Amino acid sequence: MTTAIERTDALSSSQSLQDMLTLPWKHPTIVAGVPWKNPVGTASGTFNVEACSRFYDVAQMGAVSTKGVSIIPWEGNPTPRTAETPAGTVNSVGLQNPGLDHYLANDLPMLKRMGANVITNVAGHSDEDYIQVVERLADKPCDMLEINVSCPNVSHGGMSVGTDAKALHHLIGALRNITDKPMIVKLSPNVTDIVGIAKAAVDAGADALSLINTLVGMRINTTTGRPILANITGGVSGPCIFPIALSFVWRVRRALPDIPIIGIGGISNGDNALEYLYAGANAVEVGAAALLDPIAPLRIARELDDLLDARPELAEKLAEGRTW
Amino acid sequence: MTTAIERTDALSSSQSLQDMLTLPWKHPTIVAGVPWKNPVGTASGTFNVEACSRFYDVAQMGAVSTKGVSIIPWEGNPTPRTAETPAGTVNSVGLQNPGLDHYLANDLPMLKRMGANVITNVAGHSDEDYIQVVERLADKPCDMLEINVSCPNVSHGGMSVGTDAKALHHLIGALRNITDKPMIVKLSPNVTDIVGIAKAAVDAGADALSLINTLVGMRINTTTGRPILANITGGVSGPCIFPIALSFVWRVRRALPDIPIIGIGGISNGDNALEYLYAGANAVEVGAAALLDPIAPLRIARELDDLLDARPELAEKLAEGRTW
Amino acid sequence: MSTQFIPTQIKQRHTGPAKGSHDASDICRCHEPSEGIVVNGESYLPARRSVPIVSVRQLDQGVIELVICDRYMAEHARPAQFANLFTHDGLRLMPRPFGICEICGDEVSFIFAIVGAGTAQFAQMKAGDSIDVLGPLGKTFDLTSPDARYILVGGGLGVPPLIQAAQYLHDSGRENRTTAIFGYRKHHFADSIVGQYSDDVRSIDEEQGNVITVLDSMDAELRQISDPVVILSCGPTPMMKAVAFWASSRGIATQFNLEERMGCGYGTCVVCVVDTIHGRKKVCLEGPVFTAQELGWESER
Amino acid sequence: MSTQFIPTQIKQRHTGPAKGSHDASDICRCHEPSEGIVVNGESYLPARRSVPIVSVRQLDQGVIELVICDRYMAEHARPAQFANLFTHDGLRLMPRPFGICEICGDEVSFIFAIVGAGTAQFAQMKAGDSIDVLGPLGKTFDLTSPDARYILVGGGLGVPPLIQAAQYLHDSGRENRTTAIFGYRKHHFADSIVGQYSDDVRSIDEEQGNVITVLDSMDAELRQISDPVVILSCGPTPMMKAVAFWASSRGIATQFNLEERMGCGYGTCVVCVVDTIHGRKKVCLEGPVFTAQELGWESER
């Protein structure tokens, strides 16, 4: 019986942590001008530097995307904040975070001290919120910004911007005016027309897109008849969303051959990551898998690194940071 | 080790087929005026009368929804038409069906002879297509119509109507004018605003809503780097979509307390069906689970029938055909 | 199946648990009715069920024989029929269809290549484990011609249905000899199995040539046979098309056992279609057997 | 753990594989380093790993003791820490957190109630099977007070961390007696286990009353003790709140072991929060131990 989180042929689970942390990376990439050691990052909300750096050297990741940072501390939604779903999980954290000041005083310096390639994930309830965070990050040592306009768990901002092309264009345009940092816009799958949304973000100045954030979902406790999540609905992630997320990346890539794309959703092994690269992604981020095993992102990066050995064309494209 | 398709506590897998086929049903329901023996139907595209009636008496189901029927035969998409996804499957059948004449000459009479409660699932590439099918069904002995405006696998009609509230309102209005049959409109989850779509269908005269159809998804063969499905993308179904589908039902029910709703998506046991009833569904349809075991819909109906014993309020609501 | 086991001695199929010295035969105690289930006078096929595994052994690098115990399948399966096997893994729910290979007593064998996650999991299973199955499914080869001589042309993992055809013809006591022409990559892993039922095994591996090489070498011989000759074939599509072309130019009848990705395996989902001269047909229900003519393969190369 | 096994004799914890007459001890051969992994001078915690199951037995209707072999966990776990267990079922991927109960040699036990699909699957596992684990996780009870007397107040399935506390205090050779007050629904399934480490077991079941009944009966006794008294408690929230109220009105210090639905168990996802006077804290990383004061439970009923 294999364990539920499947591992691929180019099995790095047999690799020791020692090897995973010390072997040279064979296949680096460049995303929106920023070099990544390898094409695998951690996804926002599933990576906390204090928690994860106890298990591995976070500088080994292609990049790490931090939990969404808001201008002031947010306390998030009430508990329970998670429920299990078939081959996945639904969460309603609601972007709880200690706010930008705390981030700048603690997480960011710690990450940079450790040598990580840092994507700061930015959250807001209003355009003004996002603008303030991005403005204050302008001279800070984070390497990329990831504008989260796709969180299904907050009532204002979050997904409401990410599902409306006009509102999104407006916000991203405003942010573009105030930052030179490479700006990734993270898109929501809860839309009819992802291509229209993606184009709006790119037109307004996004340097890259990351997709997808979670899909709206819920569970009900059949003993009580009530939703399990205190917030009723939440965001579904994990292997269950993999084929759906993959098709979003594919569709956006077909429509926009030139924009760097970071594929996210349900990646649990190197082979899954490879599917995203073939679908047109330049890199990927690993989310829920890290909840099930702290070193999953690193293991996946190693598996992908090995799988790319046999795919020199793809590896070369990545190395040069070419898109389609 | 339990088998992958989980069974619930009120385990009818221990029930013999004899019992499953002969015990009286304790908890019937009424959907848009039509009595169902139990709240569990088969979902369109996963039920073929010839294939399924070899395994069980199809008249025992609450209802059976047939494969989408078009005015002329459709040959569907090229193969491969399926790929596996984590806890699910993605298909691109593309509504292959032998057309209305064949349906009226073969499937429908066979179904009625067997005593089934028949929902005819209607497919079209244009309003005119749908109108012709519905017109010709007006005096035929099918019990309900299910207008499929949500198939992601055809390039015209199908999902394009189901993702546009205005187009949908127009089509359903036209169909309402030509039929008195109870008309279910089957909605797509691939939309930003499900409530707006649902309202359009109801305003135009839908007697009930069924949701969801499949979510757009795909898989890539990492040996060739090419999509597995010949049609590239397809529709994802199975347990993986369960939490997502459930939240669609919940959201539509909150917005529309009076419309009968049939919940569909990822149901693999009686407990899953019960979650839909608590989310606001009046009945459910079982799709992919029937691909994995021909008698899954019947087993699920039996499991739910037993689970409802302990929930007299819910059972009473169902029995009276009340909605919210 | 396993080597200690001497199926050639079992002339009469389906006579209860296998005798002989079969190691794991105590695992095989099927209690399901061997008939379909009859309710209110209607008879139904058994649906998906959990059955015991009798043995799992490697025949060649990456090629596994798995034997289950299922009386219903053992009694009802006919050559070219297949069964869906299911993993225990909730991430991998879909059916894995495999051709039914040998049948001995209540036991049914399958031979498969490890090509993906499901087959890898099956290969890890052990005698005494349980596995979910559905079947037998599909239609059988037409073996009704009373005096035909059957040539079984298989490639790679296409051999199981041909082994079943050989066993069926052998066990049903037909006089006609079968000739097995199996094309292997390298090791002749199924020769000893088919050799139990067919005394004319003319296999070939890639170093030696391919199945057409063997057919060519039989050309003169076949012209001298007065009995009708029928080719049953299963394997990679290019091989089957070559066989179709070879046979039709000689007026020899052919039946092909196709494979197609399946959603259900029992005819309900219209996923597994193939184009025939009569339109798109379901491989799982209307096949898996089609003639060259039905497939329009007579004139293709 | 199992009854033949006499953990009271093992004064020194973590001294290699359990001795005594432990049935399944040959399963327990952990080869992982017992220290964290050191790479380039940095030391890392071991991540998720597959470990052997030593035994699974039923303690009461629906209550299971499961023993794994994991040297790292055995050496490093401290009272109130927990571990994530994982099913083999791809439909049920999420971590199942359980309090670490007894530790003997390289073996670690858990006690859990069958409440859902995951615990049902764990209960079906057998000695020799493997299971994936992550841990130890979380912070421990503060047991540093050199002369404190600890009262362990547990309800239902909250007893494992208290058993571990009793074992820890016992094995570390402290003079102080512990008192175990376990409130059961019916059967006193953990008394014999905690009784190995605590010679003062005052359990109670629903027919007899509840843990407050026992605490009340100890009132006079406690007033006479000059050593500091500390209550460690784990169980249903209403019980813990009642204990907090009881204790705070008497000026007795309390530490509570909380449970909350978890996404990761190691502090990365912010799913498992609880409101404290210092804001929302992660139960898995900043807990699971909190004082009544931190929780604002002192004045609540």
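Lettered A, B, C and D in written order, each chain numbered from 1.
Methods note: contacts are C-beta pairs under 8 Å (C-beta built on N, C-alpha and C of every residue); 3 or more make two chains touch, one makes a residue touch a chain.
Since the structure is predicted, the reported quantities are computational estimates derived from the model, not experimental observations.
Peer 1: Using the touch rule from the top, work out which pair, B-C or B-D, shares more C-beta pairs.
Peer 2: B-C
Peer 1: When the centre of a chain is set as the mean of its C-alpha atoms, what distance in Å lies between chain A and chain B?
Peer 2: For chain A versus chain B, the centre distance works out to 34 Å.
Peer 1: Compute the distance, rounded to whole Å, between the mean C-alpha positions of chain C and chain D.
Peer 2: Spacing between the chain centres: roughly 55 Å.
Peer 1: Quick one: report the Å distance separating chain B from chain C, using the average Cα coordinate of each chain.
Peer 2: Centre-to-centre distance between chain B and chain C: 35 Å.
Peer 1: Please report how many Å separate the Cα centroid of chain B from that of chain D, as a whole number.
Peer 2: The separation of the two C-alpha centroids amounts to 47 Å.
Peer 1: Two-or-more-chain contact residues of chain A, please, as numbers and ranges.
Peer 2: Within chain A, residues 1-2, 4, 6, 83, 86-88, 239 contact more than one other chain.
Peer 1: Give the residues of chain C touching no fewer than two other chains, as numbers and ranges.
Peer 2: 88-92
Peer 1: Have a look at which chains touch which and call the overall pattern line, ring, star, complete or other.
Peer 2: Shape = complete; every chain linked to every other.
Peer 1: What part of chain C is in contact with chain D in the complex they form?
Peer 2: Residues in contact with chain D: 88-92.
Peer 1: Taking the complex as given, what residues does chain B use to touch chain A?
Peer 2: Residue list for chain B touching chain A: 1, 83, 85-88, 90, 163, 190-193, 215-220, 222, 225-227, 232-233, 236, 239-244, 246-247, 250-251, 266, 268, 271, 274-275, 278-279, 307, 311, 314.
Peer 1: Within the complex, which stretch of chain A touches chain D?
Peer 2: So the residues of chain A touching chain D come out as 1-6, 16-18, 21-22, 45-48, 50-52, 54-57, 67, 75-76, 79-84, 86-89, 91, 93, 96-97, 238-239, 288, 290-295.
Peer 1: Inside the complex, what are the residues of chain B that reach chain D?
Peer 2: On the chain B side, the touching residues are 1-2, 4, 6, 86-87, 239.
Peer 1: Spell out the part of chain C that touches chain B in their complex, as residue ranges.
Peer 2: Contact set of chain C toward chain B: 37, 39-40, 42, 44-45, 47-48, 50, 86-95, 130, 132, 134, 260-264, 266-274, 279-280, 285.
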